[in-house]
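Should a chain be cited, it is by its letter among A, B, C and D, assigned in written order, with residues numbered from 1 in that chain.
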Amino acid sequence: MYSPSLRDLELEARRRLARPVYDFFAGGAEDEVTLRSNEAAFAQIGIVPRILRECGPPQLNLTILGQHCAAPILIAPTAFHCLAHPDGERATARAAAGCGVITIVSMASTVSIEEVAAAARGANAGTEPGLWFQLYVQPDRAFTEAIIRRAEAAGCSALVISVDSPVFGRRERDIRNGFHDLPAGLACENLRESASPGARVRKLVFSELTWRDIEWLRSVTRLKIVLKGIAHPADARLAQAQGVDALIVSNHGGRQLDTIPAAIELLLPIVTAVAGRIPVLLDGGIRRGTDILKAVALGATAVGVGRPVVWGLVSDGENGVRQVLNDLSAELARAMTLCSCRSLCDLDESLLHLPTGMRPC
Amino acid sequence: MYSPSLRDLELEARRRLARPVYDFFAGGAEDEVTLRSNEAAFAQIGIVPRILRECGPPQLNLTILGQHCAAPILIAPTAFHCLAHPDGERATARAAAGCGVITIVSMASTVSIEEVAAAARGANAGTEPGLWFQLYVQPDRAFTEAIIRRAEAAGCSALVISVDSPVFGRRERDIRNGFHDLPAGLACENLRESASPGARVRKLVFSELTWRDIEWLRSVTRLKIVLKGIAHPADARLAQAQGVDALIVSNHGGRQLDTIPAAIELLLPIVTAVAGRIPVLLDGGIRRGTDILKAVALGATAVGVGRPVVWGLVSDGENGVRQVLNDLSAELARAMTLCSCRSLCDLDESLLHLPTGMRPC
Amino acid sequence: MYSPSLRDLELEARRRLARPVYDFFAGGAEDEVTLRSNEAAFAQIGIVPRILRECGPPQLNLTILGQHCAAPILIAPTAFHCLAHPDGERATARAAAGCGVITIVSMASTVSIEEVAAAARGANAGTEPGLWFQLYVQPDRAFTEAIIRRAEAAGCSALVISVDSPVFGRRERDIRNGFHDLPAGLACENLRESASPGARVRKLVFSELTWRDIEWLRSVTRLKIVLKGIAHPADARLAQAQGVDALIVSNHGGRQLDTIPAAIELLLPIVTAVAGRIPVLLDGGIRRGTDILKAVALGATAVGVGRPVVWGLVSDGENGVRQVLNDLSAELARAMTLCSCRSLCDLDESLLHLPTGMRPC
Amino acid sequence: MYSPSLRDLELEARRRLARPVYDFFAGGAEDEVTLRSNEAAFAQIGIVPRILRECGPPQLNLTILGQHCAAPILIAPTAFHCLAHPDGERATARAAAGCGVITIVSMASTVSIEEVAAAARGANAGTEPGLWFQLYVQPDRAFTEAIIRRAEAAGCSALVISVDSPVFGRRERDIRNGFHDLPAGLACENLRESASPGARVRKLVFSELTWRDIEWLRSVTRLKIVLKGIAHPADARLAQAQGVDALIVSNHGGRQLDTIPAAIELLLPIVTAVAGRIPVLLDGGIRRGTDILKAVALGATAVGVGRPVVWGLVSDGENGVRQVLNDLSAELARAMTLCSCRSLCDLDESLLHLPTGMRPC
């Protein structure tokens, strides 16, 4: 079924999924204040377009940590794609590779990283597909190292370390629905060798993760290290000082600590703190090309897209995800053309009208 | 049917028009954030009236680019008037000429500019009717020049160049409704001689229009040149430096780039940038005489009215448009009287209470 | 029927009145933005109470232009009380006199000023009842002078000159309802001797009223002169310089120019401009004792109450109006006690938390 | 029935209680502006979490006026617990003692202070249970002194003096419901010896309470003296200068003066005024662990919880209250972990994003 926008696609997914599954994907922590604000905050930012510049068709491509990307879009890591479509993360990775964007494979993938990587390569996109691996660092360093080796072997070029999850947020929709676990037949395939096997991602979090573990990670792998879940500019400075390769500003889609400000509200202080020394990415609330334009104009290198990818999977597997990526790219291109901007470098704060609460003091 | 206000007139039109046609006229791009804000922003601006000044009945008249006008109101260019009433743009132009206000004829008119001009002259208003021609500049310069010659010959005194439409905005109501084209029997009569004839206005936009084309236009015609779709003060300065004769601050009624701020929010920075050297007009969201008063008090010379003209056409053709123009004029006159202001020159920012977000920094 | 608050009283009146009559009293001009804001703006102002001061029971009494008043409340002038209750303005004036507050009799009263004054004196309140007369100055000076003589003879001590009504606002509820006139049997009894007799108050407004007429009024009467409908601080300064005795900050209950800010938002700049040289009163949106406390804390000497008086009339004539006045007084007394304030002089801005938009720049 | 959050627990209590009883507990004064704002204001404050610090499991414990507490939570004094559950305040005190938090027993308790104290000691929590006694000081000093002696004898360590209740607020739900009194069989057991015995707490308030009475209280007891109902920073300074031991910032749950700002909005100016010399507590609107985190980060030593305790009683007596306290503690611990904070001392304003209206000028 054809959907004119990602918002329609979500409505369609809500109709098609069992309620507990829809709620697992769509819900957030506690009162879902952050969840709602992620989308709402983008509408509060105005774009003040430029006109009549000689610019030609917009160029969306860029390089992120050495990887060529067709658009400033990444597949944000989300769990359990097989709940959305039987092909699961295979479909997601094929679509992303075909569109030339990086997939961040979730540690809680229902397809093993090796199979995801094979699927991505099978997309025959001409270039090596961009694959990053999202990692919940485990207290068992041997297991952690083993999974890093698997990610390396599968061709991942970066580890995305979740730093916002010393414990899991309280997702009350899941509690109400009794959604605790994957159904029979599905499992977190990347965790089979762990000391605590089984499907329960909830066991994965490591409440004593510290900056020392980040140092240790650096010592055991040559993969790029990206921290996901940065909210405070002071931590952005610490991360950059420690030699982290990139940051992802994120409130975990509103699924961890409720009442964190919207992701886009967190961005500017972090961009200012980092001052261009490392790439800053963002996820949370991206539903339109104009959202991407705003994030990039505020200093993000690129944005992650999470839930819409799931809705695309529900709609039509690989084709559905491709539609999501193509629609967002087309919307971004249209927005850039309407702003008389040729390349991502042309996007800066002079194009924006910020609400009072987001203006630098 | 008598309507106490333009808001009632729109409700009536919604009842009478087929939904896809209503949606074509009423809708905006993507999430329609800008569409809604155009009207809503006016209500956020307070008027703090003066009293007891010796002023006599209010004088609404003014001169715009040498053309005497009975009120600071123009017919903003909108497409496809024959969808609203069989007389189409003929009715609109007769009403406007009768009321002494300028009509900006759309390039996507369903009546040819020659017929529109004849209708306007037939209104017997005593003075030469004010006609401007809205132009989407075409890559085919011969065609562009030909249509300029037609506009000149028809008696237009200005070209209104759309500079906000290198591509068309994504109007999702039309996508949902399958509204792609004019029905059989209607056509864009100004485009018959184009290299790409046919009714499809969507083919008209020229994504590589630049400031050089504005220079070229200046070289091929002595008509006044007005740029429509200015949002950024930097472009207002460039336009003024290039010798453009007037500007129209506009977000295309929320139909192009979504999340541009409301037209009235864009106005003050542009008025400040232009500093009175050329007239600045505005369209977007005008539904009340107080809206006009606010725009003029913030520095606009006059305002364009788009959708309400269409609702007037639906209601009663020429009579309906005349009612719209008369009602707005009467409301403006009443508001001026209630502010103890005799002429448009008496309207300035000291009459306004601006919301925090619109105050100059 | 007993009503716990004025809001319930309005609901009851809405049930009991014919819709056109309810709408006449309740409605405002055009989109009713100002009408709604009058009430809503009070809720945006916080009270930060003091505690534990030695203050005894609160004293609400004060002197306004030499008239002792039991509370800082006046009956604001509203038209056509006989539409609300057969006793009309007689009931209103008896209740007010009994409660020790000033009645401002409307020029558009459905009972003559002489009868209203007799009713007020009949209330046997022990002191001379406070009566002011609201006047729409007429072009026919002889008629205007005649009616001033009647007000003087009836014992009025002040003329309240409406300065916000050079024309009437567009009240679209009345247009929709076809409410044009008083029904047979009712008339504006103060207008019987006018050059244009009849009930139509709409004919009363005088669009060329100026400061010269205020001077002339001063020359023909020794009554106090109060200007009603001041919104701009510049006019407050002019009025004070001209020797006017008091001002009423008012947007005419949202019935004249729509989108004037809420009355309480207009107050502080005017109080600042007048700097205590003459009393500043306010009407518009008073529904609670806390509203009165806020107005007085921002510098108002007293407040006028309009629509709630009408709802009281509908509910139970004189008794209903008395209930309104007693309830408001009791609520004000309770609020003062809860703020540890003994007298109106104790109320100042240090008790308030103003929203950002109302803070002095 | 299991409730995922305190908000669900309130919904359950609304279903189970008779409407007048639910409204008595849930309602506020007049228009309930303050009532609603207490909860809503917390959602306007953003938390910007830190990450990756070496902190171990969060420590919620602290000492308040010499009493060890397991969490920065107190049972705020609320009346009439026997209306919520037959065990009444006995159940509340047992749950609190078991959880290691202080109970502030209401003077309007439906169980005598002696029985409440016995119940608390029966909880066998290992340490002496924390009991404070909330007092409406009475004009009859002999009675007041007698009840203080009872509180001392029962083992209370502090008197919590209500200073915001010289009169009672107008709770219109109770008026509408005809809820005037306790039903037969229930009584305010702490008032049996008063000059005005009976259940009517409404008679308890003493409108002439002043700072002299606070001095007198100090002279007749060695209990700690805590003032409850401080809103204005000037009074916080006076209280601290008078030797008061602690303050509770409170608007009485929105039940006294309507339109006081939300409790959390009142906090920062008072914390600034007191400058750490005495503990500042807060009640009003606490429904989440993140609310507690925000209050502590803004300078509160601890928070009182009122209505949720009642909903817990309705749900399951002592067990229900224990669930409320455990849930709030667990939520606070989770929020602290998600902010990489080990102890309450780690919570400060650098973790918060304040809305414009709450920022220090």
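As a convention for this text, a residue touches a chain if its C-beta (ideal position, glycine included) is under 8 Å from a C-beta of that chain, and two chains touch if they have at least 3 such contacts.
All values derive from a computational prediction rather than experimental measurement.
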Next item on the list: Touching both chain C and chain D: give me those chains, sorted by label.
Entry: none
Next item on the list: Superimpose the Cα atoms of chain B on the matching ones in chain C and note the rotation angle, 0 to 180, in steps of 5 degrees.
Entry: 90
Check: When chain A meets its copy chain D, do both sides use mostly the same residue numbers (more than half shared) or mostly different ones?
Finding: different
Next item on the list: Compute the distance, rounded to whole Å, between the mean C-alpha positions of chain A and chain B.
Entry: 42
Notebook entry, point to check: So, what's the distance in Å between the C-alpha centres of chain C and chain A?
Noted result: 60
Notebook entry, point to check: At which residue positions does chain D touch at least two other chains?
Noted result: 356
Next item on the list: State the interface residues of chain C toward chain B in the complex, per the touch definition above.
Entry: 30-31, 33, 163-164, 166-167, 169-170, 172, 175-176, 207-214, 229-232, 234-235, 238, 256-261, 265-266, 356-357
Note to self: Help me check something: in the complex, which residues belonging to chain B touch chain C?
What the structure shows: 4-5, 7, 42-43, 45-54, 56-57, 288, 290, 294, 331, 334-335, 337-340, 350-351, 353, 355-356
